[in-house]
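Going by the order they are written in, the chains are A, B, C and D; count residues from 1 in each one.
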Amino acid sequence: MIIVLKPDASEAQIKHIVTKVKALGLKPMISRGIERTLIGVIGEEEILRSQPLEVFPGVEKVMPVLSPYKLVSREFKPADTVVRVGDGVRVGGRKIVVMAGPCAVENYELLLSIAKSVKKAGATVLRGGAFKPRTSPYSFQGLGEEGLKFLAEARKKTGLPVITELMDVRDLELFEKHADIIQIGARNMQNFDLLKEVGRSKKPVLLKRGMASTVKDWLLSAEYILQNGNFNVILCERGIRTFETETRFTQDLSVIPVVKQKTHLPVVVDPSHAAGTWGLVPSMAKAAVAAGADGLLMEIHPKPEEALCDGQQSMLPEKFAALMKDLRKVAKAVGREI
Amino acid sequence: MIIVLKPDASEAQIKHIVTKVKALGLKPMISRGIERTLIGVIGEEEILRSQPLEVFPGVEKVMPVLSPYKLVSREFKPADTVVRVGDGVRVGGRKIVVMAGPCAVENYELLLSIAKSVKKAGATVLRGGAFKPRTSPYSFQGLGEEGLKFLAEARKKTGLPVITELMDVRDLELFEKHADIIQIGARNMQNFDLLKEVGRSKKPVLLKRGMASTVKDWLLSAEYILQNGNFNVILCERGIRTFETETRFTQDLSVIPVVKQKTHLPVVVDPSHAAGTWGLVPSMAKAAVAAGADGLLMEIHPKPEEALCDGQQSMLPEKFAALMKDLRKVAKAVGREI
Amino acid sequence: MIIVLKPDASEAQIKHIVTKVKALGLKPMISRGIERTLIGVIGEEEILRSQPLEVFPGVEKVMPVLSPYKLVSREFKPADTVVRVGDGVRVGGRKIVVMAGPCAVENYELLLSIAKSVKKAGATVLRGGAFKPRTSPYSFQGLGEEGLKFLAEARKKTGLPVITELMDVRDLELFEKHADIIQIGARNMQNFDLLKEVGRSKKPVLLKRGMASTVKDWLLSAEYILQNGNFNVILCERGIRTFETETRFTQDLSVIPVVKQKTHLPVVVDPSHAAGTWGLVPSMAKAAVAAGADGLLMEIHPKPEEALCDGQQSMLPEKFAALMKDLRKVAKAVGREI
Amino acid sequence: MIIVLKPDASEAQIKHIVTKVKALGLKPMISRGIERTLIGVIGEEEILRSQPLEVFPGVEKVMPVLSPYKLVSREFKPADTVVRVGDGVRVGGRKIVVMAGPCAVENYELLLSIAKSVKKAGATVLRGGAFKPRTSPYSFQGLGEEGLKFLAEARKKTGLPVITELMDVRDLELFEKHADIIQIGARNMQNFDLLKEVGRSKKPVLLKRGMASTVKDWLLSAEYILQNGNFNVILCERGIRTFETETRFTQDLSVIPVVKQKTHLPVVVDPSHAAGTWGLVPSMAKAAVAAGADGLLMEIHPKPEEALCDGQQSMLPEKFAALMKDLRKVAKAVGREI
């Protein structure tokens, strides 16, 4: 932690800060420059972080040196984390994991038919929402528990592990019973009580980035989960909110190499929600793989015209199958496989 | 709803859309222009909204004409809503309501002392967090239930109704017992299960704008609360996330006149969280009142150096008292009072 | 400047950096912490700023301590700058300056009529564009030199000094002849050749903030003007680009107190371009004055239906006159006058 | 153009609008819905675009149906534009064009050495700045005309055509003499006088996207160039400004498929300026190619520690050569070549 003093900071003010720092068991080092005096603090920065040093008289600004997260950082654990999901699926290894399925579970027959077609095309995880976070209260809110049961049934039939979104802490038990990966959506990325609860679970958690979350915020939300005991966390980039309106959100693929440097956790990309239109999905899916993503999360629907949710961003199964062929080539080009 | 067709849309495609619209009980009107054909749909736009018309063959884009919210809109209820809080406090009338207090409840004595000083300065609601949504799991998370009890005790002593943030649906009962206004924080603005639950409550709800929420998103979140039966909703602008880093968030005061046109609900402003530094709070508080806000939410602490939360954005009680004098003048200048 | 080293930085890497810093005539100070080693550099930070220290082996990040601008900073000149415009108008003093007029100069009669009405209402500077920066090449591009002459003529008739936008370095001479304040628009805030040229002029310059410019970028653009010899610079906030689409731009009033701390230059606000709709202008104009702005820049048109530019954000003269009355009250409430 | 009326619009107001529309030679069509009346306008939307219909009494909002640009649109010219540069280089065909070189031209020997190494690695265009747009007036501003001559000399020696940035209209003649592609930088994307001048030139123009420019703004700026007669325009995505600070800008790769749908112009990507750190460039360059970019613009320097500009985002020549090998594989995977 570096404390930058105002040009006119008095000796008494400097002494006051030094006394405070020492009282916390830390060691201050004073550097007197021509234009500013700095106080560097050696020792556990964590102790200082919760001190509002900015309000001490004479302080101009405070600059933290270390990242505020620990367990998620590469310094804490240099080797890549590989999250084990169900039988044989590993997220974070050489093999890129494709998770595909409908936006929402609508009925069992449709779900099973989609599950079969995405499996045939090469997906290894089935996605599908049972509880849906909808911006409007007048939109379809999902089938709820019944949807979870349909997912579990589809897994039984196809062997595909399932990922589905948890919104309410009170439903965790149900999810532990029926889901293989618990998804925390962008809108709940800073629902800290929910993060703590899934942190106490053993299930793998896929944590979507909030639409206005910096990488630091995102990793701190992941830290909540790890700190509560669950290290099986997969990060998911799904677009951020910017001024551009041609796409629903702006897909930020540069976070892939950024996050790979900072954390050992695997990172996957959801191009469907970022784009908001199925026609843009193939480009962005290929780009995500080329950029180094560990997996993809995509929405598929055989009759988008009748989809109860996000029809405009769902691909037809045959287009998805064609995309999978292209993705295999791109994966190979960057030394991975699908 | 206006459906804009592609330049090369075929008659068969147009017929397919027209059939679909009619099947929904709506009336399509076709306008054939020089460069595009449009299909206007007369009737309840709501019915069409959940249809993914964008994926119909031949469709270029779909433009909704009406707002997606109903109960919160001025068209539904032209007169301003005045939310009654505790004994005599009314949010949304001529009198501007100032809600002030510490970021977090730290202990009873401190809370009571702050409560007394903000009351003396003219605040009519006491704010204070018992459950704190903190970006980092290593930050102070609040006193929990004990904090709620301290707030209730402080109300008893000072007569000030209290506002405090609810994060977890499981705590609602506790809040109904101890709080006068339930605050939904920016990070939970789209925690739809939480919105539904406070919608079933009778307590006034203060709904903060999410840091990346458009006015439309914000009003739809309010709609969740009204649609579940609770019309006592106060909107609160607290800054949005932009590229500017000099302030913690960018206070968007232009939403005050925007929201006043669109909805009958009162709107208050939190300058403390937007600014992130107490030194900017007086300017922004005065600006908010001049812009037409119905109230202010501000953080006060007698010893910011020792505050367990947000010390750098908390004002000293004496500065707050001086600000209140200025605010009275500004309120008078715009035909209001404090 | 603080150089933060990677956890595994070697002694050879540290020595390499230290040698480089010393070779520049600066004094490095090494602080060895538990988790990181830091190198603080004492001396003129400016010398180091142009060195890409980030690429030196072993460096994790570089944190500048000082602001990159000098002449615009309060440290360089603590007292407020008051810019003298024409006869008797002073921008930056106790009196708030209102600059009003049409978006574009359309013809002489209309201009003169608007000039008279804004003068009567209390404006002391006439605005009007002769060369217009239009997003589309198919929009009205302004009358050019003829517009400048009309402005000069209107000044002669009314005594109001005029402000008008310069876009092309080749037109500077014309502007020096006809204008009293040269406006640099948001789209040219980083047109550095233009900034250098107006820096060589003696005319007051109003520098609008770019729509994606941080305060730092904005002040550095002002620095270009001062560094070339022209200290008569007025800053103008006109809204930044964010995700919100209800307003044309998001007016960032919090920059007023921020900029007042950092620089001695006066700052005015343009609510017309930020809002994009005349109905929002009164709220934002009052808020700007309450927040501490030194002036306002507003668009007025007697027949907005027929305006050749920005009709939807132009106020009617009678609404402007009513607003001026309200603004006087707000100004008085914050210890200023109009 | 769709004119949406307020719920309480009167017949007189409707008649007033209809009269206006007809007077412009256009044909209005009235649709009376349950909640709103709409007026659709058939005919050349362009005529209406400059009318501020929003201010007509009774109008709630106006929704344009068509894009405001013409010459750049796919509707105007369905086939991809291929821009011919120097001898044999074609931008916009099957072959992906790599433009590489130093941020700034520093001296002739260094430039030539970089030119040779990028040519050897497979680049077909040499980049290098002679006039540099620097945020701070204290940063290196470029060698100016001398730099242009060095570029021309390096072209003579290596056969590589050169791209370099034009900032000042007064320098155009010099650029026409020495450059093969004239670059318009992000900060000048809306410097309309500059756009008009390069529009009158015959030289290919690379138009960077402004850091806060929507796709619509960007294409309208390109329209300025085409409308003045120059159809040899290459678009370049170089990152947009968002709240994320881990990267210098946020690379928006989703614009590649978006822009490809809307326009016939080729689009290239600059990952160096978007990332701001050379370590992120390989990931983003590969992603850009996978997403469908027609080319890349990258910064290379053999001694980044001594670079006078943007050292931290410049790749070493050997790393660039290795990246080119990877890029060839990715290009092949998506049916292109480098």
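Please note the rule applied: contacts are C-beta pairs under 8 Å (C-beta built on N, C-alpha and C of every residue); 3 or more make two chains touch, one makes a residue touch a chain.
Just so it is clear, the model here is predicted, and its values are computed rather than measured.
S.K.: Expressed in steps between touching chains, what is the minimal separation of chain B and chain D?
M.R.: The fewest steps needed to get from chain B to chain D is 1.
S.K.: Measuring centre to centre with C-alpha atoms, which chain is farthest from chain B?
M.R.: The most remote chain is D.
S.K.: Could you give the separation in Å between the centres of chain A and chain D, each centre being the mean of its C-alpha atoms?
M.R.: The computed centroid separation for chain A versus chain D comes out at 31 Å.
S.K.: Could you state the distance in Å from the CA-based centre of chain C to that of chain D?
M.R.: Chain centres of chain C and chain D, defined by C-alpha means, are spaced 26 Å apart.
S.K.: Check each residue of chain A and list the ones that touch at least two other chains.
M.R.: Only 212, 240-243, 245 qualify.
S.K.: Give every residue of chain B touching chain C within the complex, in rising order.
M.R.: Contacts found on chain B: 212, 214-216, 240, 242-247, 250-258, 261, 274-275, 279-280, 283-284, 286-292, 326, 329-330, 332-334.
S.K.: Using the touch rule from the top, collect the residues of chain C that touch chain A in their complex.
M.R.: Residue positions touching the partner: 2, 4, 7, 29, 31-36, 38, 40, 42-45, 63, 65-66, 75, 241-243, 245.
S.K.: Any idea which chain C residues touch chain D in the complex?
M.R.: Going by the criterion above, the answer is residues 20, 46, 49-52, 54-56, 68-69, 133-140, 167-170, 187-188, 190-193, 210-212, 217, 220-221, 223-224, 227-228, 240-241, 277-278, 304-305, 307-308, 310-312, 314.
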